[in-house]
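In what follows, subunit A forms one complex with subunit B and a second complex with subunit C.
== the complex of A and B ==
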């Protein structure tokens, strides 16, 4: 039987196994990517579309709202990197040490928020940050005698709300990444460090940190992308895609606004392509600086 | 042979898990996109309404199957229907049963599928563009309507002849909302969404030390905005508290401005021909008046932007404001979110700038269309218009969906309008349909929803209204000029 021979062939088998991935990757990633790229040079009309060259891109450069969206996304990405790498790492080290009791409980507590839907948590945060006096944040400020504050109408406090939501949600996840990285570190290295008389701080900086580097780079890479691609959090926090003076507008929010709300798919694709390029530039720079592409040293 | 099966099984499992991964990602987006899943949604502002409820529903729906229900006669003509509100589908189901009883020779079977808001509109547009895959009948939210009606009779079936039997008594403004640029009617409306003024009679009576009836007499004598302000000042003086206001003005919604435009017969979109112009005297007058109210302490800024959000409901329940204008579909917010307020509220006509002006405007809505891809266009169009405009249809819309129906023949029908079993008739001091009759179908204005509408609404709600209302000394002219500049970029 030819078919049998084919299936059992050692040469063919690996390809058979990767086919599902390749197919779905091609259909759901490569194809949309190419289409988005070509559509970004078109004016997509109701009945027919026409090629308009770089018009979408030149308009994009002059578009003040897009620039606000880029600035917001960049700020958000920067602050999530600052908050969501060191702190989860610290928590992971604590969880791995003998300092903390009832580790399972802590891990579960920190991880739990990631399991809730952003839709629900976003709505809850919106209610907490409402400018009305019954909001959680305003109850706190009133108890401190500061009066109420319009949290979601000012730039800095709006960003604060987004960051608190992000930290609440992702600290546990990033901590687990670091925790798994820590488990992979050979304990004999710490024993050796102990024999050499290293302090816990020295052990952290000279053993843990360098050996955690692959995990850190992974977390950094996905965080850069997640920060730039944030949309749902802002959408839920402001109960829609319109925030006062666009303080909560992100690049993807702008893409949604142009593509879905205004049905201007060509322009939205241009926004998407720019987002992709920015994310690629940042991540490649970061990966090159971290030496990911260098040949592993022997 | 076993190995082979295991191999096949593994591959299938891998594909399935990959697809499942894609599916959940899409569902997330869908949930986000669904924020506007309410029939009474209007572009930017109302996209926010019922966000929690809709989103919750979608979050659940994302994991479950897309709800599909089939009604009617299995041997009849089959019609596919898409909607983004499950209740709408049930309306057609009920109507299909009645239709089959009345038309045994032309029975139908209808399958209603409820998709998340964003998904449904994207799917519809894609299938219309592709020329295949569209349903026979589809709900289209008014904010999305310009995108769909852009295809005119290449995509949609004109409903002119099917709607003809009902046209004499249909509110003209609502039919025009769903007209195409060629003048044909392509969408059938669910509701008028007529704006009216809601007054908290109980709170006013308590503060002013007079009876409910006396308060109502005072409200009924309000004709112009000047009268409205006078009554407000009287209330303010009586209650004598700094944190109690007459009304609240919106930084996240354009309802007040729509009312002002309708009163003067303006339309900032300029209709299909355009160009859009937001620097209208009616808009300036309203904004300037609101700035005065804010300065004099008569009005506050609606917490979180407008009254149709949780903070807005709380503000109403705390009696921090005792009057505000909103479309009649806001009645369901009272019954759903503020049951404690039952019996306190009275609905009246909106004040006008000059006596004799139109005093209402239709806000929000969903137009239902028949696509050219339908195999039974005429039947679908006839059924649709019957289901949304006939006596039977309107009765079911009022009973199950609670909307102010567009066929004015019902408004004066005592059994329809004064049914004391109806929850809205029970909730409010007066009968909502009495208010509609008082307004009259010709006094309900219309603001076009065209391609430029989302741009105007968005700039108003993100920037202009925040500028002029958060800082009541900000120049209205400057703010409107900025808005105009942004709008001009797009047209």
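== the complex of A and C ==
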């Protein structure tokens, strides 16, 4: 009876509610995170493992394939930020204005790619970027009199294919993020700007852009992570984890290759730790530059 | 002043031209966005060999169109049986995962919102911390862990690692903190215990939050690839995306099933999306506004 009362008390109940989180946090977050670090200092064998210090890391820094993967992921992340923040933001501003009719239809259609599994969209894009005459990209170049091109066999065009796939999938989603940010802006600010005789361009730069900042930071943060951790798009575009001269290999692709395909878990975990450090550095730098931590001082 | 005048005249020529450009822009953008899926849909009505020979050509010619791929897909043959086994597996995993995830995340968020206690803010910081580490980094140690726990090649192994989802907890917490706390004190005076209140009084009020998170979580699980690809080993356990992925051979001998199966696989998500569009957008954008 006493035990029951204890569990039912207002002091204990919150802890009962959060128990699943604590368990899941311990088992599926802290434990694997620590294991990722410890495994990265080991040579993981099938039966026993051996501590080898920083050997995985020193090997990694000299590993040319890893450096290609880092360069690919960095390029991909950089270009997705350039393409998938300003354009969706402008589209959202346009969508929010009174010149667009049938908004619901466009919003639904722009969101559609995000509903499609990467297995399916990757297959469709592979067919469009094929080196044969039938691919849409080659139909365009042929119409321009340029002949066919091996899109998925050259570095720049392989990256282009990945970026077009990324833009296809995420433009609508990011636009919806910015739209919801725009809805949160007080319309009286625009009326005040109107009274002061502000032009639409001035209104964008002096009202919209500063007030969209929380949304922009949010989109930036998720895009940095998504860009650095990209893997499946490449996996599906090249129908597997190998692309000619590793043009589509990403950091996570290399982690998968080493850890799962080659069963070299220790080395793969070192790749993961490097990825984590890079992701955290970029995000903190970006948050500091945006003054997120200054907020409380103001 | 001129600006406001123009705005009020809804039929002014300037306004009409603006509408044509604005609407035309989105129509063009959507045409590009829809193109690959439309091309895939048309290709699914052509024989698989045509897909290799002609790619995703846009061709509405009824003479070359056929229902053969779909007839084969639903035909009850070995391929068809395999396909619908994957389809059923995906449905089972999605339904179980969504129900379990939502309930757990709701109660966790409830515990992190409705009470004041010492560890509350610390625990919530931990929830947010889990968002800072990409899943891909934890993937390999988690894979080894799942093997150790004997959950490899089981649905439990696929589902269990994601039942406490930080962004779902975050969304529920935002929703619950908008509810008046007086509800709790009133119920307590009536003699209701803490768990009764959380289930019978607050949970029904959180229905819109359940709808938003349920749909987003269902879409994510239905399309999930990476983790199920690691955990599930036997072809009879595969989910739809992973099964379809195995059909991607360089020989292209499975393209009839692949293309028709892919299109039919998008269907449940499209239907859910069209029915619950509003909830999806609410749930998705919750984190983006308050930041």
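Please note the rule applied: the second predicted complex is superposed on the first by the 270 of 298 C-alpha atoms of A that agree within 3 Å, B and C clash if a C-alpha of one lies under 4 Å from a C-alpha of the other, contacts with A are read in each partner's own complex, and residues count from 1 in each chain.
We take it that a contact is a pair of C-beta atoms (placed from the backbone, for glycine too) under 8 Å apart; a residue touches a chain by one contact, two chains touch by 3 or more.
Everything numeric here is computed off the predicted structure, so don't read it as measured data.
Applying the stated contact rule after C-alpha superposition, one finds that A:31 touches subunit C and leaves subunit B untouched. In the superposition on chain A, contact of A:128 is made with subunit C only, not with subunit B. In the superposed model, A:281 lies in contact with neither subunit B nor subunit C. Shared-chain residue A:257: touches subunit B; no touch with subunit C.
Residue contacts after overlaying the shared chain place A:244 against subunit B, while subunit C stays out of touching range.
Judged by the touch definition given at the top, the superposed model places A:217 against subunit C, while subunit B stays out of reach. Annotation for subunit A, partner touching more residues between subunit B and subunit C: C. By the touch criterion defined above, A:11 lies against subunit C but remains apart from subunit B after alignment on the C-alpha atoms of chain A.
Once the two complexes are overlaid on the shared chain, A:21 sits against subunit B and subunit C alike. Once the two complexes are overlaid on the shared chain, A:209 sits clear of subunit B and of subunit C alike.
Subunit A residues 8, 13, 16-17, 20-21, 24, 28, 117-120, 123, 127, 130, 132, 134-135, 231-232, 236, 239, 260 lie at the interface with subunit B in one structure and with subunit C in the other.
The residues of subunit A lying in touch with subunit B in their complex are 4, 7-8, 13, 16-17, 19-21, 23-24, 28, 45-47, 63, 117-120, 123, 126-127, 130-132, 134-135, 152-153, 231-232, 235-236, 238-246, 249, 256-257, 260-263. Interface of subunit B with subunit A (complex): residues 3-4, 7, 10-11, 14-15, 18-19, 22, 28-29, 31-33, 35-36, 44, 47-48, 51-52, 55-56, 58-59, 118, 121-122, 125, 129, 143-144, 146-147, 150-151, 154-155, 251-252, 303-305, 309-311, 314-315, 451, 454-455, 458, 461-463, 466, 470, 489. Contact residues on subunit C toward subunit A in their complex (touch as defined above): 3-4, 7, 15, 18-19, 21-23, 25-27, 29-30, 33-37, 39-40, 51, 53-57, 104, 107-108, 110-112, 114-115, 117, 120, 123, 126-127, 130, 132-145, 160-161, 163-164, 169, 188, 193-195, 198, 219, 222-223, 225-226, 230, 240-242, 244-245, 248, 250, 258, 262, 265-266, 269-270, 273-274, 277, 280-281, 284-285, 287-291.
Within the complex formed with subunit C, the subunit A residues making contact are 8-11, 13-18, 20-22, 24-25, 27-29, 31-33, 35-36, 39, 91, 94-95, 97-102, 104-113, 115-121, 123-125, 127-128, 130, 132, 134-136, 168, 171-173, 176-177, 179-181, 183-184, 194, 213-215, 217-219, 225, 228-229, 231-232, 236, 239, 252, 255, 259-260, 265, 268-269, 272-273, 275-276, 279-280, 283.
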